[in-house]
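Two complexes come next, and they have one chain in common, subunit A, joined by subunit B in the first and subunit C in the second.
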Partner chain A sequence: MKRVQFNSRYLPYLLLLPQFVIITIFFYWPSAQAITSSFYIEDPFGFGSSFVGLSNYTDALGSPEYQKIARFTVAYSLIVTFLALSFGMLLALKADAVIRGQSSYKTLLIAVYAIAPPVAGLIGMMMFDQHIGPFVHLVALFGWDMKVGINYYDTAFAMIMVAVWNQIPYNFIFFLSGLQGIPASIREAAAIDCKSGTRRFWTVILPLLTPTAFFLLVINMTYSLFDTFGIIDVIVKDKPANNPITLVYKVYLDGFRGNDLGSSSAQSVILMVIVLVLTLIQFRFIERRVHYG
Partner chain B sequence: MIKKICLAALAVSMSASTTLAATDITWWHGMGGRNGEVINELAQKFNAAQAECAITPVSKGSYEEALASGIAAFRSGEQPNILQVFDAGAATIINAKGATIPAEDLLKDNGFAFDREAFIEGVRYFYADSDGKFVGMPFNSSAPIMYINDEALKKAGVEAPKTWEEFEAIAPKLKEAGYLPLVQSQLTWQFTENFFSRNNIQFASNNNGYDSVVDTTINVTDENHVMMYEKLKAWYDQGLFGYYGAAWNDNQKVFEEGKAALWIGSSGSFGGLQKTATMPFSATFLPYWGSIKGAGVHSFIGGAALFAMAGKSDAENKCTASFFNFLTSTDVQKFYHQATGYVAITKAAYELAKSEGYYKEKPAAEVGIQQLSLPGAEWDKGYRLGFYPQIRSVMEREYNRIFAGETTPKDAMETIKKEADELLARFAKTAG
Partner chain C sequence: MYRTRFFDHLILICGVIFMLGPLVVAFTTSTHSAAEIHTNGLMLNIGDDFTTTYDKVLFKSGGFTGQVTGLTMAMNSLILGLGFAIGKIVLSMLAAYAIVYFRFRFATIAFWLIFTTLLLPLEVRIMPSYKVMSDLGLLNSYQGLILPLLASATGQFFKSVPDELLEAARIDGAGPVKFFIDVLVPLSRTMIAAVFIIMFVYGWNQYLWPMLMTTDEGFYTLMRGIKQILQVWVGSQIPDYNEAFAMAVLAMLPPVFVVVVFQSWFIKGLTETDK
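Let's turn to the complex of A and B:
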């Protein structure tokens, strides 16, 4: 392969500059600010502040409430990621097998992705409304007295359902294109060797899908950690009370609702570290098992 | 979209040309819907009434968002002249000395007359300092009151209760008549803060937080307050009280549909309720406990106040003062009261509306004012607690847990006290 060289030593840096400026302004600078203010307890208007060292961190990490939210966030992210990926893949496999009317199926399945998370949250909330929710009426027939907004687990259930529902189409699109990228010759060869469709899926199709699946794993983890903010905000109706929330929502609550900048900054630094570690793990340990064809 | 931008540009250029030579001031608020429109009407009235000043109201979303935007803007020197701050955020802005100019000073320095006595009893102290000087200008004010489903009471053959003891006596009859006897919409405001005001019990140390931020502690573990929640839980278990979570509307809906007999709402709710209620309704005061000595005084004021932000030119401050003066004028107060359902905050406006027969037509509109005009006592002036929005969140969490059966009222109050006292101690450090 021919190596392309720049004529000037400075040109590459010049070309990098716009991106670098953007990252600096929107990422490095705010991060530095967050790290600084995480060591202070500050008057919101900026009149007084006391240096408190690491106590914002120890206060947050030591609080049972924060630990509870952290545990929920982990469980929530894993469940949402697992369900959204499984359903996405299942639907993609089935849609791939449909011969007549394939495009209508696909369009119907993809259309949900066009719904913005807060709108999805609203629609979901209507499904689970205490007074008018069709889902609540349905499960009442089976003796489940569902109380979203009062019962912690009922709200968690509704939140996970809406978050998964909103993310399935995205996964569906990628899995479908991944499936279509598998050469027909390989499938046919596999079909001669093995009669069981399920077994073929586990031994041939799935390994070939791993690049797509790995990419989606990363995307879905960040989705459930951060992008479901809108859904959560709509479901708890601005008043979380005893309902489950994620760490990101807690940062918002303490910072923007409570005007406690120190604690909120410390929490966002903690989140930053979590995401850093998560990304490292994903690329170090999981990507090794990904087979790029 | 392009059409909208063009219209906006046109509107800006037109307003710029009409307000030529006038001093422009801005007003950030947190009101939406009809209440937001009324704010625009107020601004138009002010701009039409004089030529020196032109005010532009800007909606910043909710109360919380308005406060957060105001703070962010202040830190970068872009603050508006007037910022609307809600009751729970009062400590945040009032304790930031130097962020605002006390409304009373502003008016007097600019040559406007100011009389504390002109305001109704209940609004005089909440946004004032411990000497009684108005720091914020009370604006949209409300009180928690009890709405009554007239059909339900008639069917059960009972009178509306004045005290919680009377409620206990009639509740089983309401239940027998096929109604849910009681619902409410905001436990923190209606059954905690205003439990302390209506029953005249101290809510927090340091004179309810007015005297100092240092070592202020909250008094939620008061035995009477614990008793209130034990009663609510018992009523809930007996089917005499309904609870549908911390969200306001989920609880109001039950009353609107005519399924509940009594609902604790806001004095500002009656306008909306007239459109949504499916049955005739009336209103009366928030009940108190007859067994508590000295109970039955006025409630805390709810709603929000306007604050004049510091760091503006004298000319702009004069306009802000002129606008505050305009807001408290009798006609404007009456207009605002009738257009929104918030209470009239001056005695003169109340008298005017009364003399015109407004309350004969709409008796529910008078209940909030009457409740706020009840005689005052020691502990019903207000509270000044830092990080109070977070303290409310802690309360909401624990109250939900009470009704979900995860905790007892006594344990819940102890948890709230522990966490709230920690937050108050944290807030004291922000002033350091």
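Let's turn to the complex of A and C:
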């Protein structure tokens, strides 16, 4: 908020009106419906619905299938986040260190940011294709008979690779801008005190990058939970049979393919809680994305 | 000193190959015929079928009804990207203006109500959103494609505009509307441009929502087209690898172009607003 403000009776409400119309119809109303229908079981033929309390939640959380998917989602998110952050940071450190060609590297490395997850998934599928995929031929030399879409772990591997590839530029941009925000005086002082570049990284640079890294940690977790939907959909192509999927994909499958509205809504609400917790953790530590003014 | 730099460059070059290699291969392979790709695998040289493949993907009617061409899908993606970016900017600027520059009763509540929408992505309320859209009769329409996407995430504007400007403007007798149009909008130009680029890419790249919303092929976006190609793929003898790659190239070209060309704005927008 600013110190000086206008006083006007109707204007602020008028200005807020369009935004509020949109969020009421397309955010609050559907969210409320998700919460309500998570307590009901809908008749598959459309003859009304009956209140079942928490049983949609207990059914979902109790089913071995859901637990398996949840375990995969956790592992998947952690691996994707860890790898995307590490590679992003490595490239940012190197791009920050070189003088010649810095801006060319930067341009080349951020381009993939603009590629949509399903497009990334499609390109990834080709790289891991049974017939034409170069990666499959490469690992065949080492005796790894890779079958993406058939073997659970091979599919998971492909998904993780594509998801990491697609997310590296985002982390790279933030780490690089974080690094360039470190004052030259600090680097020079550190360079005088300590000759070893590796040690300087662990004791000076990394601590200064922690706020950026923490912010990115939450963003990357949310990315792997939600935004990778397109990658997964392209790779498993509606055939989850023996393929790894994430919780969001299950919400979609149960809702649109299985027509199980109650269970799908309960799962949505579980996901909402997960996102809320992640976001609250983020605010607890950094308040950078909070305010308007 | 020389050695460290050599390794820095080596790692960066490996990174560039890892990041861009797949894109280059996708393009070069798309210029070969499907049969050729089927026998030889991915290729790094430019083939002879560039015009044939891209002509087919862009202009030949495809899909189940034979109504939709790649060009139609590209137009729809463009409408979605532009519509989303413009809508987003207009809505958030007006709302931010009200909250930052006006003293009114429900300002704090309004802020939190808008802010909450940042937290939950569309994916978690996808089913009920779909129901709402079908109740409103907005399936298969551009409004239906764009409006729900506008319901989450609001960028921050005006943060860097100094307070003194408002004092000065008020002394000069400027009212709220004049102040907005003559002072705030011109001052926020860079930020608007940056947010525009990010939002355009975000809108263009939408996948799940357009996939659910559009059953009429006339509203298919390029992302939806990719799904389409994969569905036809299942069960065919020699999959149309070349067309799939060409489609991928078409779908990624505009956003990559925008991000690369306007990278300084884009990076500024990204690191200073966090969506």
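Methods note: the second predicted complex is superposed on the first by the 249 of 293 C-alpha atoms of A that agree within 3 Å, B and C clash if a C-alpha of one lies under 4 Å from a C-alpha of the other, contacts with A are read in each partner's own complex, and residues count from 1 in each chain.
Here, a contact is a pair of C-beta atoms (placed from the backbone, for glycine too) under 8 Å apart; a residue touches a chain by one contact, two chains touch by 3 or more.
In this text, all values refer to a predicted model and were calculated from it rather than measured experimentally.
Look at A:G258: by the touch rule set out above, it reaches subunit B but stays clear of subunit C.
By the touch criterion defined above, A:S50 lies against subunit B but remains apart from subunit C after alignment on the C-alpha atoms of chain A.
Looking at the shared chain after the overlay, A:L91 reaches subunit C, while subunit B stays out of its contact range. Counting residues of subunit A touched by each partner, subunit B versus subunit C, the larger count belongs to C. In the superposition on chain A, A:E42 makes contact with subunit B only, while subunit C stays out of contact range.
After overlaying the two complexes on the shared chain, residue contacts for A:Q19 are found with subunit C alone; subunit B is out of touch.
Applying the stated contact rule after C-alpha superposition, one finds that A:Y152 touches subunit B and leaves subunit C untouched. With both structures placed on the common chain, the touch criterion links A:N243 to subunit B but leaves subunit C unconnected.
Contact with subunit B, but none with subunit C, is seen for A:Q130 once the two complexes are overlaid on the shared chain. Shared contact residues of subunit A with subunit B and subunit C: 131, 237, 256. Every residue of subunit C that touches subunit A in the complex is listed here, in rising order: 4-5, 8-9, 11-12, 15-16, 18-20, 22-23, 25-26, 29, 37-38, 41-42, 90-92, 94-104, 107, 110-111, 113-115, 117-121, 123-132, 136, 147-148, 150-152, 154, 156-159, 163, 166-167, 170, 176-177, 179, 201, 204-208, 212, 223, 226-227, 230-231, 234, 241, 244-245, 247-248, 251-252, 255-256, 258-260, 263, 267, 270-271, 274. Subunit B makes touch with subunit A in their complex at residues 62, 64-65, 67-68, 71, 74-75, 89, 92-93, 95-99, 243-247, 250, 253-254, 387, 389-390, 393, 396-401, 403-404, 406, 419, 426, 429-432. Against subunit C, the residues of subunit A that register as touching in their complex are 1-8, 11-13, 15-16, 18-20, 22-23, 25-27, 29-31, 33-34, 37, 87, 90-91, 94-95, 97-98, 101, 105-119, 122-124, 126-127, 131-134, 137, 165, 168-170, 173-174, 177, 197, 215, 222, 226-227, 229-230, 233-234, 237, 248, 251-252, 255-256, 261, 264-265, 268, 271-272, 275-276, 279, 288-293.
Looking at the complex, you find that subunit A touches subunit B at residues 41-50, 52, 65, 130-131, 147-152, 237-243, 253-254, 256-260, 263.
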